[in-house]
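Below is a structure I'd like to ask you about.
Note that the chains are named A, B, C and D in the order they appear, and that numbering of residues resets to 1 at the start of each chain.
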């Protein structure tokens, strides 16, 4: 049965896997110090207009988030995040395992607001409570929504005001940056935060994310943290090469654009048929509301996530399109609506 | 310049990479729940005669060691290891980061003895000191030596006596199990310890180790620990497929045997020329003693690790052969002795 | 200016301090193994009808909570608590520092309900999320309310159903157990939870709480955790003696009763004057609602906590009476209403 | 039976306990913010000539060491200590529980040397190993020996060279500073390290140590760490008052001098009788070597620690004198030699 469950169900684009094959027997320096990884880092720094950034390749998103948080924070410092934040719910308490509390605010369509941050900072005033130090958001969010440039700027401003680090989880940064109506270019990113990561796993790579550290304070001895958390893989070129391929001729954004096109095709079909969507998403993750009978019918032919029941008759589902989504299956799905 | 520095300098055997390519667009369940990983686990369980074992694929050795230790131990419990143990020195304090002390004993040729364990247990008797609970060794050791069946049995016996878990780091288990004079078969392993891992990274795989848990007490909720430590990679088939290829027709041991053959060819050349070796190793990591002039000469054409100076005129070097070692380069190296 | 801010503003009852003086030069075993501490433990076990319990004296509430949680939980396990729980807000993230996430539910008058627990357990179903394992409540709660016997039983039942530990923070257990309308006797406590602590600091002792562990699973090697967290004080008799004095002739409950009497005298005065109370509390911590002018007037003569604004004209304040509350000051305060 | 086991067997000097009694009913600010604690801090800062230091009162030595280390170090940083260091052996792995590795060097009479530190720093050069950042010593050491001013200066110099913090555990600082032949005055201490603590527990106080932080970098948000580790006791005046009494008219050093006098009286008796001492100690902890028959005889009348067997016939014992040591018992002991 065809699945719209996720954008990481297929191993990886053959272009990336073919480039790996070429490296099979080449002797390279270990632990990410190889020349292929260096080339990949240069490509990324150029594309995102951040000459001074440090780029590190890390195997997955949870690992990236946990290491960035652990290296940025002392044990009495805390993270601020929306209650839907991936680190709050779906990373098995890794931030807490490493010693830091997460202070949450109720999300609005998956987003955190400057006001949430301000309220948390103002109410944490003495040593009986933790000290807020880092703001975590996801772009796109866990609900598929995308922050505008203005929204990111406002968040970054309030972070500066309270001396907080601003970190963006970019598991789906690719699809966010080519989403409908987005006013943020890749080259803007380094101006909008202290650190962010460029998701590979959900955009065609068999493995890996590219963590980009802009703020010098977050750079120091970062490789120690990679090693301590078991993230300094011996054959760093495995991820390096994939990102080199992805950022050669903007292939990364071609894949992301394809994902969005497929998802938006489904959005249009839903809208045309008169269905509503739970949150407006211009990227690759959509949340249509379905009557339960229609839901049951679709489940016979397709796999997808049940998100939440909204009343006795209607349910929100989550559909995700990716670089490997088969257009024929999209068409079949639409035909069933 | 050709390198004998390590057995993980090349990305991975083309057979494994080719098999990955075949999976490029196949939809699979995420986080290691795919059928390819399941097949790989079955192959391993069969080959090692351990039907009841739990097998988990993890991206690297440090990660595997840290998660096994963290899941096995409460915060007041400690690890016992030889002072040369990889976890003691070269994992950037990951065991301690996760809260556990390592109690060390001086190594003998890289090995830990039952007597070391007994002495540590007998001297840790009250709540002012940590509670020893897990013994860590490497097979082959960090000095290339290999424990015999008798030695492992004796270690396991003393562990049983003091109610300690016995865990074996098998980063180089492949070459150990086909090393000269070894009396341990793969199917013996599960009888000799509570958990061990089968190293992929140092034996032809671009990524990954296979952790095998024998003792039921260590199995419970292990996937939670994988997730919490960022080790549950989204595309688990990446490692699963590599191990499937490695354990189809014993390809894993073919590669290991080749590594040993190359290394022992060098050993023989050294011995023939009258050079001594620092530790007797029948596997793929060797430690010859060289006069400093010869060392300088070899360094012009080859890369390898300087291990330690033994006197003003002589130095121990470390040479490692692997699945990708080029025999012509071995011959050139020998010719220079 | 006289303070109604807290029940721990005065060092401790002279009876306890005098008994300490008698021990000045007596040689005793260290680290809580002295005979005075043993006698105190026996008195407590007898009074609470829990022959098999383990009792440990610990210097403060935060320390007691953190050690109990840390010893009870593995790193992937989580605490469930009301969002007002002391451990959630006012212990500077100590539970998280030790590696565990706290899952919170919105409080109802400071209380957690069985339904909250059930919902959290049912929504935490796989390894992407932490594993709920311990329920934390306070008796009396942070809002001065007191759980009834039925309420505790229901909570304990749902804990048993989901295999969770049930732990009660008794910083103000004394005043709770003698509060108006309470149907729980000291000798019921051990039937209602897995562990609880009897607060000394807030009931006349210069230092210390008595942690009582009922469930055998929580007893093992507990002194190791005390030591590891720096809680095994060298002169354990310091706390032991205080609890011996407190539990000789039920002096502990005499002090608590006095605290409640003073507080309820104020409650009556407020009610008589037509003021409302924010939460119904029959113990020693009360939350009257005051018009802002009255508030300003009282602040000129007394110290107390401003709890929260409810509208432009009215504010909730917190008043606490203790063993050392001076009745004359209570009378003066009442006279100003 | 009279005990020479420790200097903390008796609860505390009556002068201190009497002063506590006077505070019984006085309302004071909580958590160490009371005026008595402030006065005590001023007395200490004056006596040690360190106007700019931060002083914190903490209940015990293990707690003090663990919090100082945890607040000073990030997770990838490590402590350097002699293998006999209290934190290495007798604090139940608290430094490791909080995430930091301890790198040890073999002690020489309980001491660490500048050369040990240098060797450890020079061999820790990349991210595969932890990053050394803090040096821990005890003054007096765990073997009763005392560092000279020159020795402390040399240690501090090498710390400066490698950018390490230098921290001194002063559980027995009192007796060290009045020991035979000492050339360090209290007012020198702040020039010789980044932080140290003045032990109260082992010098007449029922509870508490005074941590003195000299280096500004170690001061920031220290009270958060106190709270997070459960060390911010509600009634801070309990320790504050004891230190106020101890540092009024140098009573602290009077007590320490008495402890040394008693111990040195025993030393003289041993020497006069021709017995040897294992380490030269001019303070209050001594390690005579006894023939086993004499040992057995003394054990019938006195309690003390058996330290180690040196051969079949002779054993090292540990004797400790304190502020409460009864001179008559010392005389009886001597008479038995």
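Criterion: a residue touches a chain if its C-beta (ideal position, glycine included) is under 8 Å from a C-beta of that chain, and two chains touch if they have at least 3 such contacts.
Worth saying up front: this structure is predicted, and the values here are computed from it rather than measured.
J.: Pick the pair with more C-beta contacts: A-B or A-D?
T.: Looking at contacts between chains, A-B has the larger number.
J.: Report back the single chain whose CA centre is most distant from the CA centre of subunit A.
T.: Farthest by centroid: D.
J.: Report the inter-chain centroid distance for subunit B and subunit D in whole angstrom, where each centroid is the mean of the CA atoms.
T.: The separation of the two C-alpha centroids amounts to 43 Å.
J.: With centres defined as the mean C-alpha position, give me the subunit A-subunit B separation in Å.
T.: Comparing mean C-alpha positions, subunit B is 34 Å from subunit A.
J.: Distance between subunit A and subunit D based on Cα centroids, please, to the nearest Å.
T.: Using C-alpha averages as centres, the distance is 51 Å.
J.: Multi-chain contacts only, two chains or more: what residues does subunit B have there?
T.: Counting only residues that touch two or more other chains, subunit B contributes 75-76, 91-93, 97-99, 127-128, 130, 224, 227-228, 232.
J.: Which residues of subunit C touch subunit B in their complex?
T.: 70-71, 74-76, 98-99, 127-128, 130-131, 221, 223-228, 232
J.: Under the stated contact criterion, what part of subunit C meets subunit D in this complex?
T.: By the definition above, subunit C touches subunit D via 2-3, 6, 8-14, 17-18, 20-21, 23-30, 59-67, 91-94, 97, 201-202, 206-207, 224, 227-235, 237-238, 241, 324.
J.: Hey, which residues of subunit D end up touching subunit B in the complex?
T.: 75-76, 78, 89-93, 96-101, 127-130
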